[in-house]
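Letters are used for the chains, namely A, B, C, D, E and F, taken in the order the chains are written, and counting of residues starts over at 1 for each.
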Amino acid sequence: MPTQRYPLPSLDNLPADIRARILEVQDKVGFVPHVFLALARRPAEWRAFFAYHDALMLKEEGRLTKGDREMIVTATSAANHCLYCVVAHGAILRIYEKNALVADQVAVNHRKADITPRQRAMLDFAMKVCQASHAIEDSDFTALHAHGLDDEDIWDIAAITAFFGLSNRMASFAGWQPNPEFYLMGRVPKAKA
Amino acid sequence: MPTQRYPLPSLDNLPADIRARILEVQDKVGFVPHVFLALARRPAEWRAFFAYHDALMLKEEGRLTKGDREMIVTATSAANHCLYCVVAHGAILRIYEKNALVADQVAVNHRKADITPRQRAMLDFAMKVCQASHAIEDSDFTALHAHGLDDEDIWDIAAITAFFGLSNRMASFAGWQPNPEFYLMGRVPKAKA
Amino acid sequence: MPTQRYPLPSLDNLPADIRARILEVQDKVGFVPHVFLALARRPAEWRAFFAYHDALMLKEEGRLTKGDREMIVTATSAANHCLYCVVAHGAILRIYEKNALVADQVAVNHRKADITPRQRAMLDFAMKVCQASHAIEDSDFTALHAHGLDDEDIWDIAAITAFFGLSNRMASFAGWQPNPEFYLMGRVPKAKA
Amino acid sequence: MPTQRYPLPSLDNLPADIRARILEVQDKVGFVPHVFLALARRPAEWRAFFAYHDALMLKEEGRLTKGDREMIVTATSAANHCLYCVVAHGAILRIYEKNALVADQVAVNHRKADITPRQRAMLDFAMKVCQASHAIEDSDFTALHAHGLDDEDIWDIAAITAFFGLSNRMASFAGWQPNPEFYLMGRVPKAKA
Amino acid sequence: MPTQRYPLPSLDNLPADIRARILEVQDKVGFVPHVFLALARRPAEWRAFFAYHDALMLKEEGRLTKGDREMIVTATSAANHCLYCVVAHGAILRIYEKNALVADQVAVNHRKADITPRQRAMLDFAMKVCQASHAIEDSDFTALHAHGLDDEDIWDIAAITAFFGLSNRMASFAGWQPNPEFYLMGRVPKAKA
Amino acid sequence: MPTQRYPLPSLDNLPADIRARILEVQDKVGFVPHVFLALARRPAEWRAFFAYHDALMLKEEGRLTKGDREMIVTATSAANHCLYCVVAHGAILRIYEKNALVADQVAVNHRKADITPRQRAMLDFAMKVCQASHAIEDSDFTALHAHGLDDEDIWDIAAITAFFGLSNRMASFAGWQPNPEFYLMGRVPKAKA
């Protein structure tokens, strides 16, 4: 197994707020996604990371569905070759979209994915923020407006892309491996039920 | 669904040798992998393609296992963003390696995959043939010799990479979609038995 | 002036904690750095962003000086062509390093900058995290160990790079302009005294 | 002379069908193009390679002239920095087009070549299949339709590009050198008559 | 300090014409810009270099202002990561444009710079000449005509870009450092008066 | 024929010194290489260009042969996709090296060219100056010292590369076509005698 470059903290020694959240996730998902433990050795960073994550991924406002958001994460994490995020968020994408195929599609080539024109435009923009944010022009905004997305939605697309660009770099540099459970999640209907 | 850009031929109208092989594959796999039909509208190309494929992928000689070969296909097809080949050959890789996780790993970032040092060296070479074949030097051969691979094995790695580079370009340009069955194959032990 | 794509909130309407921090910064710096206002229209993101920032940039532990950290920000923000961060953090870099020239040097070409070999190694690593994090290898860690940096310092380098990669993408996509005051800060001894 | 990395087989020891084709080529061209011998050490690959080659390059149907096809090979092989194919197919291109200058032009920069607008569009498409096949869109097809090329012609362009991408990688990795005779062919009218 | 790779000649030993020009520059600027000395060890190259420089940068004809010309130099030198030229010509740009901010803006990301649409088009063209001159098309000329620039102005843009591409490569390879004075020039009104 | 974008001046109207040199070249070569006329519409630039050219290409000192210098020009001009310079200087390279094959070899892939190890190192360095001059390190100098080249020779390599990078950009942007005569020069022994 490739080096997990930093030791994982013991759950028992973590600050109470972090431990509580981790236990809650474990309860809901059935296991502790690796990132929760891997980052917990730095509590201040952990708290900021998940606060940021929640602000972008759990918010109720706007036109981006939860599936849209995970689609952005999966596509841009693949562009960054981040194994952890492609596998973990690909799983969540399959679940939210109730589509067993879409995660692999957007990870390999979003142009060939079976998604809506609005999602295609959304991913085109996200990929540009990911790979050439300095070259974003007003015309990139216009292209999204044409699909009924407004400037707040565009901010959401950009911010999700930017935040997971951070996450991708942390996971890749530190050698975080996705939990084996993620690979299969959402591929088989109620497989684990 | 993204455009399948060329109509699929009817199995009934295909030349006998092609139809026979297709029926044989259908028997073995349980469905007709899309490439067999999509390419059959050009029988002469079909015959050359599968003759080449078989010469490289079905040969018995050499140190590359069938899993090694599918691993090369999966990694380099991902570098070429070929949805068809990543999904279809990723499935076969999982089966040959009896490893439900390895295909996604080498597709996203072969440096993080749970593979042997010999396989890592093999993929490093394949990626260079895929992306910068003009820059191959004698030192690239030496690196593989150090893992017990000889010049015939190196030819195999290069030829598999080159052949699937052809396949990747055909699939992407023509809009071939992987059969839905491939996405799950090899992920669940005897899931469909 | 290029479009500031999103309206700035009025200081009066901001939540008390955010307003307090902004007033504190204004007091210390003499003006409100644009990012504090531009991001404040999204309070939850603002709070997460500055919590993350503070965890990385204000921490007391480790071998990275405050100058080192700003040097990482300046060099990687230039690689991302982020005007806001190059100008704002270049200013802070000049002040911490008491060096009027170093910010322009690392922004244009860190290989030509008048910095220590340890800083050169630190920036080489940061640039790799910025541009090819998936290709980070154990040898990249070894190179930094040779300069007396340990794995916690390396985490700091990577996390700062990753966090400002997020910041760069937000600033570029949203059209944030650096405050004019930043351009001159640290270039003239006690210029504003 | 740069290493020819694999020994050439003796003509006498080759299978009869391969030897017969090689002698036929020698008769027609006046020498044995290196690829015929270099690949013959692997008879099954040889047979598949030339079957594929003939299906694409010797077919009588479609709107692509033989000159068009060699032009595609020369331009895309130059993009892949394949010495063997640029020199050998550049020679054939000169002969088919009865144009001593065109091969060097498309090899260095097809945008400056003295070719028809239809050929320019054809090469633009071939270069995209060669370098970014995953990004081919319907609009790329439309651009070729505008020049009177139909979907079968487009398949031909893509397939020729894909096949010689295979050939380029084999030639570069294995160190195949073009026969010296190719360099001058088609440059002087009836030079060898 | 990074290696100045070649020794600087003594002013006393230089040919009279070169010494005269250098003294004249020293008189005007207050110091000898490093390039004047660094190149003088090769008098024939020095004379050709400054003759070329003067032909492009001191000419009176055409629509490009002196500020425009220095803006082209600054932006393209940043694309080439040339520390000497970004710092030295950024200084001159600030002075000619009477704008303390514009040099840093065009160096980091000309798309975010506070410049006119005509200057934006001028820099877009210059960047293409700098980075992909082989891909210049008639439509690139048309884009500039739309801003009132004619073919002679376009030649000026291209020639300035090409000439400083030469200068950038010399400065970077030989390790020329900008004089410290340049860093501050044009940033403070009459700072040195 | 692709657009020659700027009209050629009439020889009769050129300044006497320029006309004299052009007539001299015509006498020696048998035709007027296009660059002499194309650039002559700007006499001051013409004079600087050829003064620079002569300083680098006609100098007698140093270890670079005239063949070495033309080899640098041919290889780096191919990297810049400059049709004019590859064809014209490829011709001169063939003549100086008395080698009908070497120009095409270094233009397509200098790694496969039949050149000496010293020339290979020389071209490796030239390609780096051409494509990534900002990344030149002391180790690049050391590699050339190992082949008996000193710092003056290295300057020659870099300066020739830099100068023809200028020339490449002028030729490509302005649409200069190589004279047809260049394509065959040096390919046939005493062909024109």
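We adopt the following convention: a residue touches a chain if its C-beta (ideal position, glycine included) is under 8 Å from a C-beta of that chain, and two chains touch if they have at least 3 such contacts.
Computed from a prediction, not measured in an experiment: that's the story for all the values here.
Of all chains in the assembly, those touching chain A and also chain F are B, C, D, E. When the partners of chain D are compared with those of chain F, the chains appearing in both lists are B, E.
Using CA-based centroids throughout, the chain positioned farthest away from chain C is D. With respect to chain E, maximal separation of chain centres occurs for B (centres as means of Cα atoms).
Interface residue usage between chain E and chain F, two copies of one sequence, is largely shared: over half of the residue numbers at the contact are used by both copies. With centres taken as mean Cα positions, chain E sits 44 Å from chain A.
Chain C has its Cα centroid 24 Å from the Cα centroid of chain A. In terms of their C-alpha centroids, the spacing between chain B and chain E amounts to 51 Å. Counting only residues that touch two or more partner chains, chain F has 81-82, 109, 111-112, 134, 172. Taken as a graph of touching chains, this assembly fits none of the simple shapes: it is neither a line, a ring, a star nor a complete graph. By the document's touch criterion, interfaces exist between A-B, A-C, A-D, A-E, B-C, B-D, B-F, C-E, C-F, D-E, D-F, E-F. By the touch rule above, chain B contacts chain D in their complex via residues 3, 5-6, 42, 44-45, 47-49, 51-52, 54-56, 59, 80-82, 129-130, 133-134, 136, 138, 141, 151, 155, 158-159, 161-163, 165-170, 172-174. Residues of chain B that touch chain F in their complex: 134-135, 137. Across the interface of their complex, chain A is touched by residues 1-2, 78, 81-83, 86-87, 100-101, 104-105, 107-109, 111-114, 172, 175, 177, 180, 183-184, 187-188, 191 of chain B.
In the complex of the two chains, the chain B residues touching chain C come out as 109, 111-112.
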